[in-house]
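Take a look at the structures listed below.
Two complexes are shown next, each including subunit A; its partner changes from subunit B in the first to subunit C in the second.
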Partner chain A sequence: MFSPHTPTEKEEMLRAIGVQSIEDLFQDVPKAHRFPSLKLPPPLMEMEALAEMQNFADGNETCRDLISFLGAGAYHHYIPAAVDAIIRRGEFYTAYTPYQPEISQGTLQAIFEYQSLIAALTGMEVCNASHYDGATAVAEAVNMAVAHFRGKRTGIVISPSLNPQYTETVQTYTRNSTLALTGFELDPFSSPDSLLPLINTNTALVIVQYPDFLGRLFDYRKLIEAAHQSGALVCVAINPIALGLLTPPGEFGADIVTGEGQPLGIPLSFGGPYLGLFATKLEFVRKMAGRLVGETVDIDGRRGYVLTLTAREQHIRREKATSNICTNQGLMALASAVYLSLLGRQGLRELAELCYHKAHYTMQRITELPGFTLKDPQPFFNEFVIHCPTSAETINAHLLEHGILGGLALSQAYPNRPGMENLLMIAVTEMNSRDDIEALASALAEVSHD
Partner chain B sequence: MNIPASFKYTKNDEWIKVEGNVGIIGITDYAQQQLSDIVFVEVVVSVGDTIKKDDNCATIESVKAAADVYSPASGVVIEVNDQLSNSPELINSDPYGSAWLLKIELSDPSELEELLTAEAYIKKIEEK
Partner chain C sequence: MTEPQLCEISVPGRRGIRFPKPDVPLTPLPESFIRKELPMPEMAEVDVIRHFTRLSQLNYCIDTGLYPLGSCTMKYNPKINEETSRLAGFANIHPLQPIETVQGALALMYELQEWLKEIGGFSGVTLQPAAGAHGEMTGTLIIKAYHHSRGDLQRDKILVPDSAHGTNPATSAMIGMRVVEIKSDARGNVDLEALKAECDQTLAGLMLTNPNTLGLFDENVEQVVELVHQAGGLVYGDGANLNALLGIARPGDLGIDVMHFNLHKTFSTPHGGGGPGSGPVGVASHLVDFLPAPIIGVIEEGDDETPPLYGFVTPKHSIGRVKSFYGHFGMFVRALTYMLMHGAEGLRQISENAVLNANYLLSRLKAFYKLPYDRICMHEFVLEGRWDDAPEIHALDIAKRLMDYGFHPPTNYFPLIVHEALMIEPTETESKQTLDDFADALIKIKEEAHTNPEILKTAPHNTPVRRLDEVKAAKELVLCCGVAPETE
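Let's look at the complex of A and B:
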């Protein structure tokens, strides 16, 4: 329970530091700026306020109103109604790991099940209680690799086809460090082989994405072997839905698997809250950031859950901790655990197959049109890049007139790179019906020419 | 409390036992009692590393704290106690024996004179 200070306690504290009143503490802020008068409209009654909010909301165009082919890291999937029904239960709705953990057995069990599901999905031995999103999870992988080598290795090799937002987050985290980031400036369409010359005995971590940001699938075994020969660790950032169909990275040698958990039952909702997946091998668990729930038995032999290996965390290890963020996305982790449980192993596989086949059909329909070609022949999962006869932004504007939210114009993701203007990245999920795909093809046919 | 008279001590609760030109390093009985149940030990230097007095050479985690161990003397690491990674609890049961952390070839034995004697160390803990 939170108990505020009593007036007597406030008096005592003020006396101890030698000031008269709380206002005295703010004297460095000029008086005119201390309590500025706010020019607010007159108050509204509840009914009016709700109507005004509804008006604002109606200004949005969402995936409910538009046919969407936009992905690039966040995907429009169907969310079974049970997900919301369960996460809105009062017992779960406080979105945080508890500070007095062992009396919150239900919350701990939910996190434990989340961890177990993600570990199984990625083929890894241990998974933490989550990070903020896919981008911060990658940045924490960098922290972990640096801690693993005790700062003795300072090279981070980043695939140029890692989501540029993830790269930016890593740059933000490492801006004031001595780490050297390489690889990300290469042509995003280059293959993983282009990273091989960058790996050496100073490399702490090699980061790749699977499927990569451009939707492509590569066999990373050769790259991982080269990294391991130099003693470096490898992080594979995944799309969890794709793992319904693909070999889990744990089976081809990944040391760390991170991912954006949003596709697992979490709405797009303008970019968040999302979910950062983070899994690794048991041998690295002491260097992993984040909270970790373990299963044990109590004094009477009954099953129970605990926060475990907490000496890794910053409240004990202070500045020597791998990370100073151990916050997790409790509610989103629960949503993804409910989602995965509802789908099951077979359901997830069927979903991944649906996405794969619909995406390939869409690609086929688009590339039948004169002037539209597939940019890269590499195998892909549910997202691919099309070279268009005109600028991708022009095409998106045209599609919007037809009620279609087009793909990502790659010039937006790579603003300083030439040759991106006509490239459009299209994502397809189970939410795109056959009619949607035909609507896209006929809208594109209107701008098609050789 | 067991504070062997023949060892030298630091005010950070490390001990060093000198055998010829070799220094054997560990943490004291007082330190293990303060930390309580030790669950993880990581020696953060490797055989062949040159370390200076006061360099961080190990990290010890207990159920309630994480503590760094600093070398009481300078030298070259000649052996690291691998047994502790699987049996960290040895530090609780046998802090001066099987739970030594590392052995170094001393490069400047005169440094040892700056360290505390058992008597001075006992006085130090009594003041804590």
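Let's look at the complex of A and C:
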């Protein structure tokens, strides 16, 4: 389909090789299994394939068709047109990993800019060229902490209000290992103080989220101090938009900052591809996984960029590498760098405040309704949990009839935990107009009157 | 001309995108949580566009030319993929929407699972892994879970041929397996005697790349698989080189128990300067219960009037989830678009043309470069980038000189079992003319190596920057804009 050969050219090439037919090139393949007949449909032309994909797309109701208050790890934000204009450049998206720096300076400098922006946003000293997503970035933080202690510490304390999907991913990554994961089974609404008794001199890493999965803001200074006193490292998983407003974890002592980078100009796209943020202190850089770009000069003294500290990586170190990661989220990292450049110092703060104010107004409107209360009085950024007069799933079904995606019924996030039935988690972004918020409140009022 | 860094372009007070004023009453900010400084750049939209556009112009890419990196399958990325993956019905759906509102997306994922099962000869597929190495981790965790479910707790050894990608041993070590390397024989196959010697009670599995990184289809593949199976082990297939096998042979039919696909190699989704990829994993029937959760299944059968209801299914003994949500959906759209445009016959033509191109290029070059394994190759081949009568020239010099001729170099110094390796994978999307131009350049470089070696040693000459000081980069570690160098 995309091969340019004419039949004549193919004949010339076969002759040059010295074989009669294409089939002669496959003599090493066991005959019994050679050229299987695949039960697949005939090919479509481009216009037919587009129509077919449009059919699939038409089978979905989008966050634009509906009013959406869904968050829980993926957020509906406005993506400036300039972001896609850059990542759609073939020079970026059809390039490979920049292993040949002389002809890959565009990708290399873009990653360098990304590293700089994320380090500044999180208040950390170094940032790698990305992990797959927010969940795998946390799993890699566990790997790094274990490597830092050379396996001598085996305790991983996980906040119960860490995104449950992140916890599950860490559990999968550490299956059958000697690590002991604790904390995650506590009540998700408990405060960070509940983790203190779990921290000891065997603890390698303490993992918290900021804002946490339930949207809440906590001052983690005391917890971090306790962890450091026991010699443990601390990982803080963040929402990057929130850091437009909030004190960065680097300022309150985090050793590792991870995050889901999707809110930074990356479409929801049903869950991926997203972007795993990973930043840390310079002292841990040799234990960090993932690619890293460093500034240098060429033989003529011109500034340039190369992949550096590659001796950590699988293609050099094989089984002794810090991680098996190879392909990362390069193009998504570029999208986030363009996004942050466009918003800049004032725009990011403006956006974060907008989300904050809209979320708080939404909370206020909902809790004015009889039977609806805020589950936890802790400060929050743009996401919060409402205790509803009936099951959250019932409420979501009702809202959907009004064209509203209500939020996450927490019974879905914590299927085995009692007491979650009536809890609904709502996220609000700049995409939600006041009319949307009033529509939500009116639809909920019908439930409270039932 | 060097492009300045963002922190150097930034001008206090400049704005890019602006947001509407709040249309709701304001709430006091939580003062104790508010950051004092937000050290982000300040730029106008035009500054941003020019900066990143100029950067893009410093890149070599498939859209400008041949990108013959071995085992990377840098084929042309069809433009229609970029249209379909951005359709509003795909780009704007949230992963946690009720399944009734995302039946199109779920049907698409189900369809992709079915295509991959048929192409690979597998009974089950997960789309969740984010990349090839992530698929390897998923697959080896499945192998481990399978042995544990049978009480075979002692099976902790993974065999990895010496020609394998670095991710194979790194993955095995990451999940706590012992890695034992198996050497290759004189024809580039897995050495059967070396394999037999390691087939014991501790064997968990073998990670096999076939065709291997020499571009050779293992002539004894059936024996290799049988030896591992007889010893109670499983065979993991590294699907990085699947571009040679579409419609040619199904790994599942050859006895491979579990394999990852690289949608970003075989199925044309773009590499994006390093990612995102997508690494679905296919498994044989005895492993479907161990797949990561969730996978896409039919929850309610349809009939003539109503379509089936698609939803999420958790396999009985699932290893758990390996990332957030369901995988790189945007890549699924691109890959399925590509598959639909090929069908059974088109898929076979992809591999036929990929193998034809590699063998044609090999036929043009083997009189000039040493070929360590002289066989018909599959989709790629490996040459030695050195000559006894030009001892100062290394593969690196050849690679750098190729840039002056306008080509991206092949992979060099890999696989490790070939001295000064040049690993070349042209892919099926290159024309005979492009291959001839590339061969001509390599032949000319051989001549230069003997007549004017200095021009190779100092190459490249015509690129945006020349050879870079990697020692300085590692020693001074300048990893961020505007941060003073920190010395070791």
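As a working rule, the second predicted complex is superposed on the first by the 390 of 450 C-alpha atoms of A that agree within 3 Å, B and C clash if a C-alpha of one lies under 4 Å from a C-alpha of the other, contacts with A are read in each partner's own complex, and residues count from 1 in each chain.
Simple rule for what comes next: contacts are C-beta pairs under 8 Å (C-beta built on N, C-alpha and C of every residue); 3 or more make two chains touch, one makes a residue touch a chain.
Here the structure is a predicted model, which is why all the values come from computation and not from measurement.
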item: Touching partner for A:348 - first (subunit B), second (subunit C), both, neither; value: second
item: Subunit B versus subunit C as contact partner of A:11, first or second or both or neither; value: neither
item: First, second, both or neither for A:446, with subunit B first and subunit C second; value: neither
item: Touched partner set for A:150, first subunit B, second subunit C, both or neither; value: first
item: Partner chain(s) touched by A:368 [first = subunit B, second = subunit C, both, neither]; value: neither
item: Contacts of A:62 with subunit B and subunit C, given as first, second, both or neither; value: second
item: Greater residue coverage of subunit A in the superposed arrangement, subunit B or subunit C; value: C
item: First (subunit B), second (subunit C), both or neither touched by A:187; value: neither
item: First (subunit B), second (subunit C), both or neither touched by A:320; value: both
item: Common ground on subunit A, meaning residues reached by subunit C in one complex and by subunit B in the other; value: 316-317, 320
item: Complex interface listing, subunit B residues touching subunit A; value: 39-40, 42, 44, 59, 61-66, 68
item: Residue ranges of subunit A in contact with subunit B within the complex; value: 150, 286, 311, 316-317, 320
